[in-house]
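Two complexes come next, and they have one chain in common, chain A, joined by chain B in the first and chain C in the second.
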Partner chain A sequence: MDVRAQVSMVFHLDKCIGCHTCSIACKNIWTDRKGAEYMWWNNVETKPGTGFPTAWEDQEKYKGGWEKNGDKLEVRAVGKVRGAMTVFHNPNLPTIDDYYEPFTYSYQDLFDAKEGADQPIARPISMITGKEMEIEAGPNWDDDLGGSPVYAVNDPNLAHVSPEERSALFEVQKLVFFYLPRICNHCVNPTCVAACPSGALYKRGEDGIVLLSQERCRAWRFCVTACPYKKVYFNWGTGKSEKCILCYPRLETGQAPACFHSCVGRIRYFGIVLYDAEKIEETLAADEKDLVTAQRRMILDPKDPEVIAAAKRAGITDDVIASAQKSPVYKWVVEWGLALPLHAEHRTLPMLFYVPPLLPVMAANGEQGYDTTIAGGSGDEKGPRDTTVGFLGAIDKYRLPLQYMASLFGAGNEGVVRYALRKQLAVRTYRRAVTVGDVSLDDATRLLAEADTTVEEAEAIYYLTSIAPADDRFVIPPMHREQAIEMLDEPLAAKGFAGMGFRKKPERGS
Partner chain B sequence: MRPALLWILPPLLLSAPLSAQAPTSAAAPAAPSTVPAATTATAAAPAAPPQAQEQSPAEDLFARKCGSCHTVGKGVRVGPDLKDVAKRRSRAWLELFVKTPSALLDSDPDARNLLAEFKGVRMPDLGLSDAESRMLVDLVIRCSTEPCNLAGRFVAATTATPRDRAVGRELFLGLAPMKAGGAPCVSCHTVRGSKGLLGGGRLAKDLTNVFARLGDEGLDTALKSPAFPLMNKVYAVHPLEASEAFALRAFLYEANLGGEPARDDSWSVSLAGGIGSLAVLVGLNFAWGRRLRGVRQPLTRRRENGKEHLS
Partner chain C sequence: MLNVLLFAALPYVSVVLFLLVSIQRYRRDPFTFSSLSSQFLETKELFWGSVPFHLGILTLFFGHLVGFLFPRGMTLWNGVPIRLFLLESTALAAALLTLFGLGALIVRRAAAPRLRVVTSAADILVYVLLLFEIGTGLWVAITLRWGSAWYTQTVVPYLWSLVRFQPEIQLMVDLKLPAQIHVVGAWVLLGVFSFTRLVHALVAPVPYLWRPNQLVVWNRPRGAAKR
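Take a look at the complex of A and B:
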C-alpha cells in the first residue's frame, strides 16, 4: 500500500442555481490580467449545452485525454508521429472564437459624447484588438439554453440519447436543463502533465494540486490539447499556459478556494482523501463501465488502522490523517456513493466529483406528458402520494435521460447514476415524511432500504446537503508547506515577505 | 505559425531531385591544356612503372607527414621548399616549428612572414614526438645535399589502364568501398562530369583539376597521408591503400584531361534549393494550411443552412 494524500472536491448539482458568483470570484482574483481576459478557470455552463470552450467534450476535434490501446494508455494529443505532424502547427486547439473574443464597452463615451439628438451609448470594444467589435459569443453564450438550436442540440453527450428522447428534451415549455460548474479536476493521472514536452506541469506531491510552472513553460500548448476538460489556457500576453491553482495560497493559509468560499448555493465541498498509488495502474486498466467503481476502490478508508499505519509510513502527518477522517468528500464519494466523476472515460482519474441533479423531479408519463407527483414535485397533485413498490423506478423515466447523465458522470455506466439518483430520491422522500408528513414513515423507511441506505445515513446526507456550516463543508487540511519546501528551499529564506506575486515575471522567450 | 514549417525543410531538401551539376566533361575536348610540363613528359614515357628503392623510417615519416605540402629541392608546393632550410633558421627554431607550428605561427615574426607569404595557409600541428621532429630536421638537412627517396613506392598515374580509372571512379563515388572503411571522396569533393549525388560534396575543394594543381606525386602523398585539417583526422584511422590511391590518381588524371577549368557554380544549388523549398511550402500550404478550424462558427453556419445536428 502506497498511501498518498490528495485534495478533492464535490459539487452538489441540485444546489447550483447558476449564478456565476464562483466564476466572478475567480476572475477577480486570478484572471483579470492582460492576456488572461478570455480565461475562466472556473466557469458554469448549462447542460444540455456545448459549454466553454464550444463543444469541449468533442474529443474527435480536441484530442484530449488518454486512449486505451490494448493494455497501454496513450495520450491522444501526442505520440511520435502525431507529435511530429502537429508540433509546429497544432490543429487540435480551440480558436479564440471557440472560447470567445473578450470585450469591454466604451463607457467613457457615456460621459464624453458631444451633445446630440440621441442618447450616447457604450459600444463593445475588443479586449484583444482594442477596436469596436460585433459580439458573437461569450463565455456562457448558451446560458439557460440560450441559442439551443445551435448549441444545446450539439451537446456531444446527446449522441447516446435516442432521437425521441432527444426531441422531447427540446419541447417548448417543457425544456429541461441544469448547471455544471467546472474547475480544474486536479486529476490523479493528468493528461496535461503527461503531454507537456517542457516538464512545466506537475502534480504537487503533498496534496496533488496540479500546477504549471511559469518559468518552464515553453508555449507548446500540448497541455491545452491534452486536457479533456479544456482547463488549461494559453496566455497570449506572456506566452505561457495557465490553469486553476485551486487557490493554493488560500489553502496554505487555511481558507477555502475563492470559488468555494463565494458559492451562494453552498454546493461545494472540500476535503482531503487518501488513495493507494499502487492501485492506479489497476484502476486505469479497468473497463470503461467499471471506471467509476474502480476509482472509488482506489480511495482508502482513512479510519482503517492499516491505512493509518501505511499513511504514517508514507510520511503523511497525523493532522492530515485526522483531516482526511473528517473529509466530506470521502462521505459523498465512497461511503454514500452519491458523487461521480465527470467524464471518467478519459482515464485521468479526476478528483472533482459531482452529485448528479435529481431536479427537475419529473418523470416522462407516456402520452400524457410529465408526471410531477414524485417526491416533492411542485405539481397540482391532491390526495395521498403513491409511494408503493416501484416508486423509485420512476428514476428510469427521469426527465433528463439516464443515458445522458451516464455519458456525463458514469463513463457510460447508467448503474452508478441510477444508484445515486435513487438514493437521493429515497432521502428526499424520507425527509418529506419527517417534515411534511404526507408520506408515511414506514413507506419512507422501506424506500430507504430499497435504495441501499439507512435512516442514519439519510440523516447524515440530509445534514451535509442542507444544514452543514462552512467548517463541515470545507475541511481544509494543514498544508505543511514549510515541510514541502524544505526539500528545495531554506524555509526561513522568505520570512517577512508577503509570498504573493511573481518571483520572476513570465515573459516570452524566458 | 506558417514560417515554422521551414524547420521541416532541410531533410526534405536532401531527398529532392536536384540537378545542380550539369555534366560538362562529356562534350569537352580531351586536350591536356592545363597539365604541367613535367607530368606530360612522364605521360609520354613507356608503361613500366619505375620501382624506387626502399625507404628509411625517416623518409617514410616525411612522405606520410610532410610530403603533401613540402619538397626538398623540388620546388614550392603548398608550403615552402625545405632545401637548405637549416641555413636560414636555427636548429632549435626548426625543431620547435616542426613539432608545434601553432606555438610560433602567431607570435614569431619569421613565422608570421612565412604565413603571409603562403597566403595564410597554416601548417597544422602534426602530433609529432620530440624524437620524430629531431629525425625530420636531420632528414631535411641530409636531403639538402644528397639524394633521398621521399616519395615512397610510386607508380605514375599515366601508366594506368582504363580499368584502373574505372576502379578509381567507383572509389571516388563510393560505388565500391575503401578497404579500410574510409569515406568516399564524393562526400566532400566534386569532380565535374562524375555524376554523383547532387554533383558531389561542397564541403571541400572541387577536384576536377587537382592533378594539375598538386602533380602526380603531391597527389599521391595527399591521398595517403593528407595534411588538410579535416581529411587528416578522417583518414588517420581509415588510411587509403597504395592501390586505391593509384586508382584515384588515375581517375583524377583523366578528370583533369577531360574537365574544364574550375568555375564557381555553387549558386545553382542555392537556386535549386530555394525553388525546391518554395515548392514544398506551397504544397504544404495546400495540404495542411486549413487544418486549424474553429468549432463554434461552423455550428452557427450549419444552423443557418438548416441542418441542426452534428451527426
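Take a look at the complex of A and C:
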C-alpha cells in the first residue's frame, strides 16, 4: 500500500443557482490580466449546453484525454511520438475563437463624443487588438439556454440519449437544465502533465494539486490539447500556459479556495482523501462502465488502522490523517456513493466529484406531462401521498434522461447515477416525512432501506447538504508549507521578506 | 582590417554573446524562454509556414553540422557524382522549403491584426536575419555550385581554426562574395540568437521522448516529514 494524500472536491449540483460568483471571485484574483482575459479557471455552464470552450466535450474535435490501446494508456493526440509529429503545428489546438475574443467597451466615447443629434454610445473593443469588433461569443454565451435549438442541441452528451427523450428536452414546456460549475479536476492521472514536453506541469506530492511552472513552460501547448476538460489555458500575451492552482496560497494559510469561499449556494465541499497509489494502474485498466466504482475503491478508508499505519509510513503527518478522517469529500464519494466524477471515461481520475442534480423532482409521464406525485409535488392532491411500490422507480422516468446524466457522471454507467439519485430522493422524502408530515415516517424509512441507506446516514446527508457551516464543508488539511520552505531556505534568512515569487514582472519574452 | 573584424573578431564576439547570454538568461530569466507560439491566435495559415520552415531549417542546420564535424566523411560521400547530386538537391530542396515557410510566416504575421499585437522588434529582426541568411544561402547554392564539396575544404577548416583560437581568415578572404556574406550573416544571427525567441531551439524537449508520463514533485523527501 502506497498511501498518498490528495485534496479533493465535491460540488452539489442541486444547490447550484448558476450565479457565477465563483467565476468572478476567481477572475478577480487570478486572471484579470493581459493575455488571460479570456480564461475562466472556474466557469459555470448550463447543461444541456455546449459549455466553455464551445463544445469542449467533443473529443472528436479536441482529442483530449487518454486512449486505451489494449492494456496500454496513451495520450490521445499529443503523446510522445504523435506529439513529436505535430510539434510545429498542432492540428488539435483550440484557438481563441473556440473560447471567445475578449472585449471591453469604448466607455471614454461617452464623455468625449462631440455634441450631436445622437446619443454617444460605447462600442465593443477587442482586448486583443484594441480595435472595434463584433461580439460573437462570450464565456457564458449559452447561459440558461437549455432547450435551445441553437446551443443546447449541440451538447455532445445528447448523443447518448434516445431520439424521443431528446426531442422532449427541446419542447418548451418540458425543457429542463441545470448548472455545471467547473474548475481543474486536479486529476490523479492528469493527461496535461503526461503531455507536457518540457515537464513544466507537475503534481504536488503532498496534496496532489496540479501546477504549471511558468518558468519551465515553453509554449509547446500540448497540455491544452491533452486536457479533456480544457482546463489548461494558453496565455497569448506571455506565451505560457496557465491553469487553476486551486488557490494554493490560500490553502497553505488555511483558507478555502476563492471559488469555494465565495459560493453563494454553498454547493462546494473541500477535503483531503487518502488513496493507494499502487492501485492506480489497476484502476486505469478497468472497463469503462466500472471506472467510477474502481476510482472509489482506490480511495482508502482513513479510519482503517492499517491505512493509518501505512499513511504514517508514507510520511503523512497525523494532523493530515485527522483531517482526512473529517473530510466531507470522503463521505460524499465513498461512504454515501452520492458524488460522481465528471467524464471519468477519459481515465484521468478526476478528483472533483459532482452530486448529480435531482431537480426538478418530476418524472416524465407520457403525454400528460409530468408526474408530480413524488417527493413534494404541486400541492393539488389532498391527504397523504401514495408512496407505494415503484416510487423510487420514477427516477427512471427522470426529466433529464439517465443516459444523459450517465454520459456526464457515470462514464456511460447508468447504475451509479441511478443509485445516487434514488438515495437523494429517499433522503428528501424522509426529511419531508419529518418536517412536513404528508408522507408517513414508515413509508419514508422503507424508502431509505430501498435506496440502500439508513436514518442515521440520511440525517448525515441532510446535515451536510443543508445545515453544515463552512468548517464542516471545507476541511482544509495543514499543508506544512513551513517545513517545505525549511528544506529550501534558512527560515531566518528570509525573515522580513514577503515570500517567494517572481523576481520581476512576468512579461512576454522576445 | 575589415576582414579581421568580420571573420575573426565578429565570430568570437558572437559566440561569447551566444553562450553567455543564453546561460545567463536561462538562469536569471527562465520565464522568457518560450517558443512564443502564436497558434492560439491564428492556426490555419501557421501550418503552411511553420511546418515547412522548421523541417527545412532543421535539415539545413544538421547538414552544415555534419559537414563541420565529419568533413572527411562528407568529402568521401561526395566522391561519387550521384551522391553529390543527391546531397546537393536535398539541400536545395530544404532551402526552398525553408524560404517558402518563412515567406508564409511573414505574410501571415503581417496580415493578421491579432498577430501584430504579439510581434516584437526582436521578432522582426529575426525575420530579417533569417530571410537574409536563407536568401544568401540560396544565392551561394545557385551561383557557386557544389557547395557541399568546397564547404569542407574552406569553411570547415576556417571554423576549426576559430576553435583552435588560431583564426585563418585567409580561407574566408579567398571565398567569393556571396559565400562571404552568408558567413557574416551567420555570425550576426548567432550573435543575436540568445536575445530573441530563437532560444526555444536550445530547450527543444528531446528528453520528453523517454521520460515517464507522470511527474510528481515532493516538497519534502517522502517519509522524512516531521510529525
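Keep in mind that, in the parts below, the second predicted complex is superposed on the first by the 475 of 510 C-alpha atoms of A that agree within 3 Å, B and C clash if a C-alpha of one lies under 4 Å from a C-alpha of the other, contacts with A are read in each partner's own complex, and residues count from 1 in each chain.
FYI, a residue touches a chain if its C-beta (ideal position, glycine included) is under 8 Å from a C-beta of that chain, and two chains touch if they have at least 3 such contacts.
Computed from a predicted model, the values in this text were never measured in an experiment.
Participant: Determine, under the contact definition given at the top, whether A:88 touches first (chain B), second (chain C), both, or neither.
Facilitator: Touch partners of A:88: chain B and chain C.
Participant: One more residue to check, A:218. First (chain B), second (chain C), both or neither?
Facilitator: A:218 sits against chain C, while chain B stays out of touch.
Participant: Quick check for you: in the superposed arrangement, does A:413 touch first (chain B), second (chain C), both or neither?
Facilitator: neither
Participant: So, does A:295 touch the first partner chain B, the second partner chain C, both, or neither?
Facilitator: After superposing on A, A:295 lies clear of both chain B and chain C.
Participant: Who does A:316 touch here: chain B (first), chain C (second), both, or neither?
Facilitator: second
Participant: Would you check which partner chain A:151 touches, where first means chain B only, second means chain C only, and both and neither mean what they say?
Facilitator: The first partner, chain B, only.
Participant: Have a look and say if chain B or chain C is in touch with more residues of chain A.
Facilitator: C
Participant: Where on chain A do chain B and chain C both make contact?
Facilitator: Common to the two interfaces on chain A: residues 88-91, 93-95.
Participant: Across the complex, what residues on chain A touch chain B?
Facilitator: Contacts found on chain A: 50, 53-55, 58, 61, 88-91, 93-95, 97-98, 136-137, 149-151, 153-154, 156, 159.
Participant: Name, in rising order, each residue of chain B that touches chain A in their complex.
Facilitator: By the definition above, chain B touches chain A via 1-2, 4-5, 7-8, 288, 291-297, 299-300, 303, 308-311.
Participant: Enumerate the contact residues on chain C facing chain A in the complex.
Facilitator: Per the touch definition, chain C meets chain A at residues 28-43, 46-47, 50-51, 53-55, 113-114, 116-118, 120-123, 195-197, 200, 203, 205, 207-209, 211, 213-227.
Participant: Which chain A residues qualify as touching chain C in the complex?
Facilitator: It is residues 75, 80-81, 83-84, 88-91, 93-96, 128-131, 189-190, 193-194, 196-199, 201-206, 214-221, 224, 234, 236-240, 313-318, 480-481, 483-484, 487, 502-504, 506-510 of chain A that touch chain C.
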